[in-house]
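Shared between the two complexes below is chain A, which has chain B as its partner in the first and chain C in the second.
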Partner chain A sequence: MTDPRLEIIGRRLEKVGNIIAVSSGKGGVGKSMVASALALSLKEKGHSVGLLDLDFTSPSTHVILGVEGLLPEEEYGIIPPLVHGLRYMSITFYSLDKPAPLRGADVSDAIIELLAITRWEELDYLIIDMPPGLGDATLDMIRLIDGIRFLVVTTPSRVAYETVRKLLTLLRRLNVPVVGVVENMVMKPSGYIKKQANEDDTAYLGAVDFDTELEETLGDVDRLSATMFYRSIQRLLPDIKGS
Partner chain B sequence: MTDPRLEIIGRRLEKVGNIIAVSSGKGGVGKSMVASALALSLKEKGHSVGLLDLDFTSPSTHVILGVEGLLPEEEYGIIPPLVHGLRYMSITFYSLDKPAPLRGADVSDAIIELLAITRWEELDYLIIDMPPGLGDATLDMIRLIDGIRFLVVTTPSRVAYETVRKLLTLLRRLNVPVVGVVENMVMKPSGYIKKQANEDDTAYLGAVDFDTELEETLGDVDRLSATMFYRSIQRLLPDIKGS
Partner chain C sequence: MHEWALAEGVVQTADRIAGEQGLDEIVEVTVKIGELQQIEHEILEFALEQLRTPTMKNAKFTLESVPGKLKCRVCDEEWRFSPKDMDEDASEAIHFVPEVAHVYVRCPKCGSPDFQVLEGRGVILTSIRGVKKDD
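The block that comes next holds the complex of A and B.
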């Protein structure tokens, strides 16, 4: 028997124009920061934007956006609350601060449930903060969400890019479109990541310098919008509309 | 029916004195670097040491140690080859550079297989580079390996520690001993992590400064041993024998 929720997911997302999965393969590369800044920056330009945190491993966008004590409304499903002008949904609404040691199959189930119950309504963009790795969550998103495109974040490190390359290889093999690679946390410029991305036939979107002030902006979106990091994201990702 | 491999795993590890899982919950905190430096540093002191890379998400120790073209011998199981004096085993011996988009249950199975076939023989220490997250791999290691203890790595970031705290809570709940927390990649000292660790009743082992030279030591163990980072690990973890 087919899971009846699978068919609902398509309907839940049918009014969303662009679905961008911010992903990295590797953890700790600033993926959640990029996803949050991208969502805020698109909203600032007048787009309607949703942000969905599916990083079961280490959800962070609620800390970045300073979301506290907020709970989504229920009405024939879950309506994502407005947070700094974004429609926002996160697994932390349900797991709170408890450890969630989910087995792979349970992660799949939780993602399906979250996608099936959330009513996104009309949005120009839905930005998804993905879990690291090439595991269940990544495979599910590709399988379940029509038209999903990936924005891939890496650091300048060879070790990080080794993992990012595996993600790119997997996406290519599954014919999933990739917007491009953002090189984050750059301390001294080297052409390494650009060269690798070219070899992997992936657009290199540019470098974002390491920003030591970022930690202090946690929870304060106004301060985040004033950082060099935020302005770099605005500049590198002015528009990521589908063709 | 019980998986017959589960009983073999105990026998495979019965000659290993100390089993230390280097873990973080959060990715990208330098876990693989800490695991590699710890293993090399214990060996330097005259101990017999094994290093097992179970980070299916983004294996890195083979890059750090410069392992290339090496394959383990088979003889009633798999004998981990000697790499810079360490008995070394990694999932990359089998997955090579291919993406391994494993579902949770497959990850479990691959870990069980790897633990069941590997003959560790007599070792003072086995250091395990764990995958990030609280998923299948972490749960399996706790379930399958008697006497395992966790060394937890974090960065100074509040976002990183949010995830680390979930790992610590889970370990406490499952009665798994924790050696302590290492604060890695410190750029400007703050008492934040130390204070958090104290609140979580976990030993704070100390801070390791961010070392910009580390990236250039990849693949060169002699250069790694000469870094400030390596000396910090030696100093903070002089001995992690069980009581």
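The block that comes next holds the complex of A and C.
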């Protein structure tokens, strides 16, 4: 008994230059916002970019990008539709934004299915919005995608960073490259996260201040791209490209 | 026609296994197809015919249907399931990603969406038969 889907995942991604998983140790640190803004920023710089929402039980990039009424085209697989210039794929196309109560093995199976049938074609970057933690999605990405790199998001809280440290330790043990740590939602600069990242031999990419305007931009990428948050994410681009 | 994408996986996997086993020619490829995914057998068969590699140029592709069998994790109810009778959107969604069945299907006894797909999920390569030239 062999799963034929595993054989073609590499081929589906062979024309993608860079694959970056935007990850975190725990939820609520702004991963989806960072992933969406990062994808849009890269596209704005002239790159071809895909965005894959892999947080199957709690997808949210469709809310940030205002995706409604779209469906992938079916042609020798499925072709992700263009959303604000990004090739975009999310389970919400199939769950119709209803609750998807999936256990680990189901999450894994759904990930394999989507990776096997989605035709990303040529992309400079594929940004993946990951579910938090060290669960199935993280382990599957490490297992299935050669050359994947992780961008790790944290808040200034020790609670968030303690979970990040575990993620970084796992990635280091498995020799998975880490682009660096982004400190998100900063309200009072402290230097704590930078110090911790240095101790963990991980690049500290910078602080992104808490942006009170951000909530108002949901579903409107023009407004999103005018925020202080978005400009902070744009400043990360040299690190993303250069690493 | 995402059957083509799955056919590509079957052909490549069969080729790899033949290489690993030192087979010079593949005679038969057997694929089990779970009803949950509602794969069009004719399209899959056509795709396999089109994608066949030199190693399997005379191979017979045998496709076997496996009925969907689900088991509730809450009350242990087991039931046969086919998405054929569901509304079109739900049925098509399950066709692409069978796991979204958890969005649309409930245990007929207790109503829970927490069930296990025991049999009949998707496409599985069950066996290949081939020959070595020095056999």
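Keep in mind that, in the parts below, the second predicted complex is superposed on the first by the 237 of 243 C-alpha atoms of A that agree within 3 Å, B and C clash if a C-alpha of one lies under 4 Å from a C-alpha of the other, contacts with A are read in each partner's own complex, and residues count from 1 in each chain.
In this section, a residue touches a chain if its C-beta (ideal position, glycine included) is under 8 Å from a C-beta of that chain, and two chains touch if they have at least 3 such contacts.
The shown structure was predicted, so the numbers you read here are calculated from the model rather than taken from an experiment.
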Review point. Of the partners chain B and chain C, which touch A:Leu42 in the superposed model: first, second, both, neither?
Key: neither
Practice item. In the overlay, answer first, second, both or neither for which of chain B and chain C A:Ala110 touches. Key: second
Check your understanding: Is A:Tyr94 contacted by the first partner chain B, the second partner chain C, both or neither?
Key -> second
**Study point:** First (chain B), second (chain C), both or neither touched by A:Gly77
**Key:** second
Review point. Where does A:Asp3 make contact in the superposed view: on chain B (first), on chain C (second), on both, or on neither?
Key: second
Exercise for review: With the two complexes superposed on chain A, say which partner A:Leu13 touches: chain B (first), chain C (second), both, or neither.
Suggested key: neither
Point to revise | Winner by number of chain A residues touched, once chain B and chain C are compared | key: B
Revision key, fill the gap. Overlap of chain B and chain C contacts on chain A, residues 56, 98-103, 107
Review point. Considering the complex alone, what residue numbers of chain C touch chain A?
Key: 1-2, 4-6, 8-10, 12-13, 16-17, 31, 89, 93, 96-100, 102-104, 113-114, 121-126
Revision key, fill the gap. Note: in the complex, chain B contacts chain A through residues 25-29, 32, 56-58, 60, 63-64, 97-105, 107-108, 131-136, 138-139, 155-160, 162-163, 165-167, 169-170, 173, 187-188, 212, 215, 218
Point to revise | In the complex, chain A residues that touch chain C | key: 1-8, 11, 56, 74-78, 91, 93-96, 98-103, 106-107, 109-110, 113-114, 116-117, 119
